[in-house]
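Same chain, two partners: chain A is paired with chain B first, then with chain C.
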Partner chain A sequence: MIPELGQFALALALGLALVQSIVPMMGAARGNLVWMRSAQSTALGQLVFVAVAFGALMWAFVVSDFTVKNVADNSNSLKPMIYKVAATWGSHEGSLLLWTLILTLFGAGVAVFGANIPHALRARTLAVQAWIGVGFLSFMIFTSNPFDRLSPAPVDGSDLNPLLQDIGLALHPPLLYVGYVGFSIVFSFAVAALIEGRVDAAWARWVRPWTLAAWMSLTGGIALGSWWAYYELGWGGWWFWDPVENVSFMPWLLGTALLHSAIVTEKRGAFKSWTILLAILTFSLSLLGTFIVRSGLLTSVHAFAVDPERGVYILALLGISIGGSLTLYAWRAPAMEGGGLFTPISREGGLLINNLLLATATGTVLFGTLYPLFLEAITGEKISVGPPFYNMSFNPLMLPLIFVMGLGPFLSWKRADLRGVAQRLWLVFGVSFVAMLVVWYIVTKGPVIAILAFGLAIWLMLATLQEWGARIKLFRAPFSESWRRMKNLPRASHGMTMAHLGLAVCIFGFVGSSAWKDEVVTFAEPGTKIVVAGFTVEFEGVERVRGPNYIASRATLDVTRDGEFITKLYPERRNYPVAQSSTTESAIRHTLAGDLYASIAAPASEQAGNAWTLRVLYEPLVNFIWLGSFMLVLGGALSLSDRRLRVGAPRRAKTPANVQPAE
Partner chain B sequence: MQRILVFIPIVVVAILGGFFLWGLNPDRDPNAIPSVLISKPAPQFDLGPIAGVDSPGLKTSDLAASGEPVVLNVFASWCVPCRAEHGVLTRLARDEGFDLMGINYKDKPEDARAWLEELGNPYARIGADETGRAGIEWGISGVPETFVVDGSGTVVWRYVGPIATEQSQDELRAALAEARGGAGS
Partner chain C sequence: MMFWILGAAMALVAAVIVVLPLWRRGGAQIGHTEGALAIFVDQLKEIEDERVRGLISDEEAAAAAVEIKRRMLNVEKQGGARIVSKGGALALMASAVLVPALAGGVYVLNGAPGLPSQPFAERADEREEDRRIADLTERLRARLLAEENGGATEGWVLLGQTYMRMGRYGDAVWAFERLEEREDVTAGILTQLAEALIAVDQGAVTVRANALLDRALQMDPLSPAGSYYKAQWLEQDGRPAKARELLMLRMRQEDSFQPWMESFLAQINRLGASIGEAPVTLADFVDMPRGPSAEDVEAAGEMSEEDRGAFIRQMVSNLAERMEEEPENLDGWLQLGRAYGVLGERENALAAYRAAEGLLDGLAADDPRRGVVAQGLAANGG
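Now for the complex of A and B:
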């Protein structure tokens, strides 16, 4: 009964989305306020109905209702409750329902919090959001219904892929989707502005909080996914340039560019058509990601149940939304140029370089991701594009970006005094250069680019701190004065400082864990000793352990350094009989300086007896990646909490005299 | 000028869309790796030995010299999965009694030598393919890859990736058994 209720709710949501697609748009064209306002109630209604459908599916998973095909395929009565709940979005259909839920959530968000947005713009934005809703609701109802019944119902379900039974992965899709789909509202704003034919500073200000919210979630989602890959897949890596990772990374790169170009549009009225284009392309890349993950177009470690019919449907959706919006863009964009002039050396110039580099980087990743497809289509040859390509093309692009990132906040709008900036920064530059040489002296291994990236990250960190310190006159004024200035500094400034520092911290982790890691892979028998980065790891043997829905082989490793006991590690190889697959549970000793990481693979054969393939890695600084990612998200949150961005907050009549000018 | 520039995004998207539509062809399997060499004679190549290793070099005629099936393994010291399969191959060569031939792919002689000294050298012959030329002839997509060549010099089986799992070892044994049975006919 309840699954039918969910299905019914989905159909009602589609009906509401259809109404919301047309009525507010016509209302905006005719100046009919009632029609425009209808979008707010239909947006809320859509959210309620999709939420009911989502709740119905979740209920089916919680009570293990195996008459629902989706539940029978993806759950099992023995599974721990938290993974039963998480299995709601573990399958193609369920994740699509989550996708739609977030889409309507953002629509409802604009309906509720968008009180200061002009009626016509809000109505058009919500109408565009409803177009996307119609596309995805119909996709779900007609090709991927999560509530399909199964008759006869099986006694027990066939279980969720055990790799996905993990707390990191239970949270990863919702966060990632909030990011992906959050850009939909930015897209809707952009298309609405194109229809309206007007983009101004106010538009950029309304768009920024939504972009920030989506960007934060995407950052968190990607970081969580890479953390999961790091400890669950047992390969010791955190990023593999796999197509599906790339498709989540591209919206992030372009979204980052959008965040920065929207600042220019807001403060200086420049980069208008560029900001619009970025808004459209960022969401287009999110859609592309959805398409690639679900169509089986490329070889990837991530695979959903693949079905060509669905692929064609999503491609058609993509064609209409991306093609339509870009055609509209080609038609309307030439009319909306103008805005503040600036010299090459200025805040605008710095942000322009930021945008060019990020857009080029996105293009590079897109090309690398799709190149196997191009090549196969043209020559029939099959290849895969892996880390060497990205190391050679993507990484060098990031170096100038980091350099400009340190410099940018010192530049003033319109025209900057390069000599003055150089005077303020030469000390930081010198210190980071010396620090880089010291690092080079200590760590002799790894490519030169790694040392350079490390040095640039030090530069970024110091320059960012110097800028923040200068703002609050740290050490130049009495502490109470600095404290007062710090409290009065806009939250957005603190956010920028935090996010830029976060990236520097991330880079320490990227460089340390990829360029300076130590790795030993060996056949180990009880008593085998290996030495990694000064640690002596002794393999003591493997025992059988039973879990709730798996049987594990657990190895015991005794770790010592200079004869002193450090810790014991217990990497596992888990076998899930119902799902008929196995997973690797790596054992990690976390320290800030680096992780000692151990995993075991299946024994080479039954003849090999007690010999297991043992893999031990030492990854210096790897935890800085997650720490830096957290700082990025925190920076976004600080910026989002800025009063100037808080939608609906009453505007102050006069700025208090002691407030610092914004950036 | 700008009127033309604004059309660039839509044109790029249209071209991409064409590729995607092609890519959705249900007969296409992006995971399948074509193996054009199967049931064809082994490609022509002639490789010298690795400097400082006592195994002689390898050329096409060596593969069929004994009249017995041989296993050809493409490996490199820089390849981590090769390490994982090395012990398995050593044991299989001993237990199953076949000649294991090696192509040392894009490797430095001193690295390859150190690697073999550390892990042992189960290879009857090793060709040093420093340029990767022989790798191209064999059409390898990465290392490690393993082939079974029957007694008449015909490639009968190919495996991409390390021979470490039970399944891959069974496949190798089956391919060898078939090559032994069918060598006379």
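Now for the complex of A and C:
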């Protein structure tokens, strides 16, 4: 009965979405307040019913109700409970349901927390959000129903891909989706503004918190995803320029550009139509990403033909949403009046460079991701575009970006005094340069770009700290004065500092772990000793271990340095009999300075007997990647908590004027 | 019942949600002008704060403030849209009806309201039953393996078939393989082994399975399973026309309906559709009783006088044999009587019409067949 209620709840959500896509839009056009306000209750209603459906599906997974086809295909009674829960969004249908849940969550968010948004804009935004909802709900109900039933039910389910049985999977898609789908509301705001024909500084302020929320989750999601790849795939890498990664990275790049261009729109009334375009494109890339991954296009172009019904629906959805919004943009954007003027050397100028570089980088990644698909579709030739392409195209684009990032916050709006800025920064520049040379000296063989990147990261970090220090007059005023200033600084500005520092920290990790990694792959027999980055690793042997739904071969590695015991590592090779597949569980010794990473693979051949393929890596600074990512998210959160983002709500307006502003 | 109550409650909630704005008139609502002004006022305050703290010069602050004030004027000039806070109730009420109706319609398309949930924990009985079968199967296996002569053929067949039903195709292959080289192996066992192999390979007919099919068809050219999977092999080999032909041929070798014909027919038509052949029906193969078909007659026309006589006699004796099995078939007897009459075998013709006469009782008085029987009897001296 419960799966059927879930099914019916989805149908009701579709009905509500249909009403919400028409009535508020008409209300905004006619100035009918009741119709406009209906968007708020229907947006909440949609959330409730989609949540009921999601809960029903999750219930079916938790109790292993194999009358639900989705459960029978993606779960198994033996599976640990946490992965049963996570399997809810592990399949195509389930992940669409999660997608829709987050879509409605953001809609409901605007309905509940958007009290400072004018009613017409809010109504139109929610209506556009409902259009997306109608598209996804109908796609799900008519082509990818998560509640298809089986009768008679199979005795047991056919398990979830064991690669995906991991805590990373449990958290990764939900976070990534919150980011992906979060940009839907920014898209809806943009389309609503185009329909309304009014984009101004206030609009940018209203949209800002939603952009921030989406950007934060996407950052967190990507970071978790790379963390998962790092310790689950057993290759020691954290980013592979894999299309699945790229499709989440592109909205991030463009979303970052959007975040910055919206600041210009907010502060200076400029970049209006560019901000709108970015909002549309960011979500379009999210949509494209969702569908590229979900349609199986990535494995092969032919996957599309296997399920033409879904394929055509997807193409139609993409065509209508992206094509429609861009057409609307082409029609309405020219009517927007330009904003304030500025000289090339100014905060605006810096942000413009940021935007251009980020957009170019997005284009590069998009090209690298889609080119193999098009090539295969047209010529049938299969190629893969890998790290060499991105190292040559994407990485060089990032270097000037980091340089400008250090500089940007010092520039003032409209016209800036470059000489003055240079005077303030020469020390930072000098220290960075010296640091660069020192690094070069230590690692003589290191590639030039890595050293350059490292130096730039230090530059970015120091410049960001200097800017922050200058704002609070650190060391130039008594400490109590600096403390007071720091507390009075808007949270958004702390947020910027934190996020920029976070990126610098990330770059340390990127460069350290890829340019200076030490790797040994060898056939190991009990007693084999290898030396990696000063560590002596002795392979003691492999034993069989039984897990809840797998059998593992667990190796024991004894790690010493200069004869001193450091730790023991236990990498595993797990075999899942039900799913008939195996996974690698790497063993990692984490330290801030670097990770010692070990994984084993099955014996090379039958004759090899006890010989295992042992892979040991030392990855310097790799944990800085996730530390930096966390700082990025934290920066977003700080910014989001800024009081100013809530200005405009009537309750705020009633605050007595004599109360000290709390910024 | 519970489902319908809860479903109705959910539908009601959805309907109420749509009309909610008609009752709940509270809540914050601001127009564009006031909302934008609030933000600009805040921005002015911010600039003032920054000026006081010395982050920007007085000059810059003044310029920024002028710019923001210009924006404020702009917003006020644009003004807000005219707002009506009444009316529109009808549209909302209509929507409130529409939502559950539409959802109901969608649900009817997709749902299975009668199908109960079956949580894993509540299916212990079913698992017990499965375990019992698995247990019995295991015991059968152990006994067959223990027997000195390698186990009775029937035992292995039973074991293989049980494995097939359990979906353990690999084990089924193993069981049938025990019999592959035995002297008493039948075409049926070989086709079952082939079938298990095909199941293991998820529908792909491997070279080995094909060899088994060939062997089975050699032993029993009429094995339906042999022909069926042989056609599958031909299709996977890129010869759909040939596959269809093989299936058609096997169908034609039967005179009466067989249970396996439905699946043959489905295959024939699926293959036919892929190569542009018109669909066929069961009636094209088994019509009861069946006289010589148009093709047969055409074939007869090309024969020598002698051959034709033999051919017709063969057809007639076929019919006669069938009539022994179906003595109640009036039309059959009439056809047989006429055929004997043409061949000049008057005694046989007379016997056929006599048999037909016995079946006339239930017929209406004006049934034309009464006349046919009377005529036949008279013509053959009855």
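Annotations
Going forward, the second predicted complex is superposed on the first by the 631 of 663 C-alpha atoms of A that agree within 3 Å, B and C clash if a C-alpha of one lies under 4 Å from a C-alpha of the other, contacts with A are read in each partner's own complex, and residues count from 1 in each chain.
In the analysis below, a contact is a pair of C-beta atoms (placed from the backbone, for glycine too) under 8 Å apart; a residue touches a chain by one contact, two chains touch by 3 or more.
Bear in mind that the values here come from a model prediction, so they are computed numbers and not experimental data.
When the two structures are aligned on the shared chain, A:I530 is found in touch with neither chain B nor chain C.
When the two complexes are overlaid on their common chain A, residue A:L418 makes contact with neither chain B nor chain C. When chain B and chain C are set side by side, the one touching more residues of chain A is C. When the shared chain is aligned, chain B comes close enough to touch A:L326, but chain C does not. Residue ranges on chain A touching chain C, taken from their complex, read 1-5, 7-9, 11-12, 14-16, 18-19, 23, 27, 30-35, 37-38, 40-42, 44-45, 48-49, 52, 60, 63-67, 77, 115-121, 141, 145, 147, 149, 151, 153, 155-156, 198, 200-202, 205-206, 267-269, 340, 412-414, 471, 485, 488, 490, 644, 647-653, 661, 663. Listed in rising order, the residues of chain B touching chain A in the complex are 2-3, 6-7, 9-10, 13-14, 16-17, 19-26, 30-31, 33-34, 80, 83-84, 87-88, 91, 95, 141, 164-166, 169. Within the complex, the chain C residues that touch chain A are 2-3, 6-7, 10-11, 13-14, 17-18, 20-22, 24, 27-32, 34-36, 38-40, 42-43, 45-46, 49, 53, 55-56, 60, 63-64, 67, 71, 74-75, 78, 80-89, 91-92, 95, 98-100, 102-104, 106-107, 110-113, 115-121, 123, 126-127, 130. Listed in rising order, the residues of chain A touching chain B in the complex are 273, 277, 280-281, 284, 291, 295-299, 308, 311-312, 315, 318-319, 322-323, 326-327, 329-330, 333-334, 337, 370, 372-374, 376-377, 382-384, 519, 521-523, 601-602, 604-608, 611, 613.
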